[in-house]
Amino acid sequence: MIGIYLILSFVLSLILFFAQKRIISYFAVWSFILLQWVLTVHAFNRRDLASLEYFTFDPLSLILLGILSIVCVPAFYHSYVFFNNRKDIPRQRGIYYAAMVILIASLSAAYLSNHLAVTWIFVELTTLSTSALVYHNRNERTLEATWKYIFVCSISITLVFVGILFLSIALQHQGFKELSYQALIIDAPLLNPFWLKLAFLFIFTGFTAKAGLVPMYTVGIDAKDKAPGPAGALLASVLVNVGFLGIFRIYEVMANTSIAQWANTILVIGGLISIFVSAVYILRVKNLKRMLAYSGVEHMGIVMLGVASGGAGYYAAILHLVLHSFAKPALFFQVDQVYRIYRSKSIYDIGNYFAYNTPGAMVLLFAFFIITAMPPSGMFISEFLIFRSIFESGKIWLLILVLLFLTLIIWSLGKNIFKMLFIRTLGFKEENIKKIHPAESLSQFMLLALVVYLGLNPPVELVNLIHDATQHLPRKI
Amino acid sequence: MISFMLIITASLFFTGIVIRTKSIFSGRKGPGVFQPLRDIWRLFRKGVVYSETTSFIFRIAPSIYFATVITAILLIPFGDQPGIMSFPGDFVFFAYVLALGKFFMIISAMDTGSSFEGMGASREALYSLLAEPAFFILMGSFALFTGQTSFFEIFQSLHFESYISYTLGALGTFIFIVLAMIENSRMPVDDPKTHLELTMVHEVMILDNSGFDLGLILHTTNLKFAMYGALIANIFISPGMALYYSIPLFIGVEILFAIVAGAIESFMARFRMNHNPQFIFTLTSISILIFLGVLLMLGRIS
Amino acid sequence: MTNTLLIILIISLIYMVVANRLYTYIAILAFQGVALFGVAFIELIEISVINLIFILFETIVFKAIAIPVFLNYVIKRNNLTREAEPFVSNFISVVIITGIIIGSFLLSNTLHEDQLKGIFFAAALSSLFTGLYIIVSRRKIITHVMGFLIIENGVFVLSLAAGSEMPMVVNVGIMLDIFVSVLLLGIFVNRIGDVLKEHDSEQLRQLRD
């Protein structure tokens, strides 16, 4: 199934690349969405089985694959809206859709792979497709963002590769050869801890470029800022998930060895500094999309702290990731509408949004409450559980710092969003405002409602899946 | 004793060969091989003029310089025979007795009260400072490799068996050659033929010397060149070689060294003054690499 | 023989930091490709023929020929000034690189139990950190690409140290990485040249908060 999926995706992307007429593009996009859902259903039916020897449908990949399939539908819809509102250049449209298809396909394959090197190859492919998406509007700033993105992601992927090499050297000393996750989890406790430490450090640093954590988060910010709205939504949700997946898998491998405590420390340091950095920058930033991107950094930091704290933190971290992957795209889709009305991304130029697009403004208002984890947002539940697990692990100072930074972030986000929603801006001309059809905001309402539902009343299936995903992690006594 | 005689002999024709090589590469015929010797002999017979601003340092410095170099030559071994002096750790004594001579030259240059000479003296001091670690690390690597600490014993037990030791030997020779060019104030660090005081390093230090003193200093340069050539030749002369074989090898290495020096002088321009320190420090880097390579070979680090 | 070649590789790193002209950088990269070919040939002589031919192809054709030619083309097409412009003076660079080399030897010493492959680690780590240093300390954009290539050389040496049981998949990975990255980076350097007219990384400063 995976093989068929990959080949068909490649064929569809070629069709999209060369399609001149819009009908053909739309047909190909619908076929791809159908293909994606077929894969997801097939995967859910075959839990824990392997396919093509390098891919396994294990619980965490099922969760992430489900998120991807759900998010890609509004992403394609909003891309359609996006292209409707500008001049149709078939070449640019072709590249955009083809890159998006390749991105989603390689993300699915990266989620499903059970071998460290295969994950690495597909994450490399996501770099290439993302850069094509970021360079969609051809001007100086996107050129700079694309250049930086390719360069830093290539170096980060190389660092991951160095980490993989260290692991395989360590394996060879003991006579093992397999780099699949199952084999690694079993073999890791027998390896030399020094190698394990080095490998973990390099792989973690490399994957932070995708996951949006310190130290390599900077290119993610620029990429999400400069990519078109729907593409930015994908970058902020599902691409960040693949970064998390990489870090989580290697953490699973290390969690039963002697360096587990040390790995926890690394995750705590990374998470804490990420939250600190995002607090500092959110206070300063004036570009709406960058603000949302930094908020993504903060949420990934919280997820890392949840993973490092253990106990209920494992469940809460993955739940938080799931909810964030639904909430963030809603915000990005809405920002696209904001941009269409105001033609600017700066907070100074946006104001009194309620008067111009009431459904959209409602989305923005609800999304603010949801993303800052106020009740009834599902993220309130997950963040509360993470804070509780930090408290139970004994690091009170960590909890105090995190709460302090989060307060600053909530204050800054609230100040900016309420200003945009309610306060008039000076110098804004009220003629020629585009009318945004209310139905365009429907997808975002649905995504936000999904976040509330999944948080307050998660289906048993989801809870079981999350618990199974963390089965390899050590249980606290 | 043999090494002492051989080095004195080699110094007689060394500079002549260098100048001859440079001339031939420039398309001229050039002066004879013993012409520099005749120049020095002429200088020995002339009287000396001392400036009024100088003190006794200026008068004794050339003699001390000459004496230190002669003392250093006493340490150089030759094949199976140790030098006239030989004791453990003598390469340290070697480096510092040469430094003593250089120190006296530097203070005598500053003694004249001329700012040009002071400038040359400071440059000379900087280059010696940067070149010293290269020499010590290199000799230290050889000492570590053979387990001995005097010149004679190091060169006696030095033998090459594997590829990596050939590499280290070749690198060591290269560093010795470049060190010799630096210590003798030759290209690419210092141009002996420049007429502009602002670009001189060693030449400007001896601007005020004349007559017998100048002759001593010029001959000391010859001796230093021959001495470094003898060190390089020692790397190639393995113990147990018969005398009729090793003496021609020695003379051959010295002549080859002189030709190489002349070739370097003909084909390279002097580096910009800013680049000189980095060039000399690169030598130290390479000698550190040799040191690490020796450690690798010995298995002290893996 | 591999020890010799790897020591020569490390010396070429020192030379790279001191060099001034862009063409010298490209020449050193080509020379490193040939040295890596030698090391790969000697180390991997006992594995399957297909794998061996693949790796040899990758080193000689890519590293030693195709990429230097491509970089030459990029330099000529964008009329770059032929000098690498460092932020720090060359003397300090040499000191730092020497420190890096000593550090990587010490690190490989603590890292490793058996005697056989320590030089591989030292060479790989030196190349890695030297490549990072060159990226950080040079002003031109094209030298960033060259620093990246040095990092790739270091990773190649490390993968040789991992032994001859390296699966084919990983080799494909290396080749994909280098090929696509350099191609894309080269394309974008051309684009930057067309748009920005100056190949200074100081120009890439518009995206900031």
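Just so it is clear, A, B and C label the chains in written order, and each chain counts residues from 1 on its own.
The definition used in the following text is that a residue touches a chain if its C-beta (ideal position, glycine included) is under 8 Å from a C-beta of that chain, and two chains touch if they have at least 3 such contacts.
Quick caveat, the model's predicted, so the values are computed rather than measured.
Novice: From the Cα centroids, identify the chain that ends up most central relative to all protein Cα atoms.
Specialist: Here the chain at the core of the arrangement is C.
Novice: Could you tell me which chain lies farthest from chain B when each chain's centre is the average position of its Cα atoms?
Specialist: A
Novice: Using mean C-alpha positions as chain centres, tell me how far chain A is from chain C in Å, no decimals.
Specialist: 32
Novice: Let me have the rounded angstrom distance from the C-alpha centre of chain B over to the C-alpha centre of chain C, please.
Specialist: 37
Novice: Just give me the whole-number Å value for how far the CA centre of chain A lies from that of chain B.
Specialist: That gives a centre separation of 66 Å.
Novice: What residues in chain C touch two or more of the other chains?
Specialist: 113
Novice: State the interface residues of chain C toward chain B in the complex, per the touch definition above.
Specialist: Within the complex, chain C touches chain B at residues 1, 3-4, 7-8, 10-11, 14-15, 18, 89-91, 93-95, 97-98, 101-102, 105-106, 108-109, 112-119, 122.
Novice: Which chain C residues qualify as touching chain A in the complex?
Specialist: 110-111, 113, 128, 135, 141, 144, 148, 151-152, 155, 158-159, 161-163, 165-167, 169-170, 172-174, 176-177, 180-181, 184-185, 188, 191-192, 195-196, 204, 206-207, 209
Novice: Taking the touch rule as given, give the residues of chain B at its contact with chain C in the complex, in rising order.
Specialist: On the chain B side, the touching residues are 163-164, 166-167, 274-275, 277-279, 281-282, 284-286, 288-289, 292-293, 295-296, 299, 301-302.
Novice: Using the touch definition up top, name the residues of chain A that touch chain C in the complex.
Specialist: Residue list for chain A touching chain C: 117-118, 120-121, 124, 128, 131, 140-141, 143-148, 150-151, 154-155, 157-158, 161-162, 164-165, 168-169, 172-173, 177, 194-195, 198, 222, 225-226, 281, 284-287, 290.
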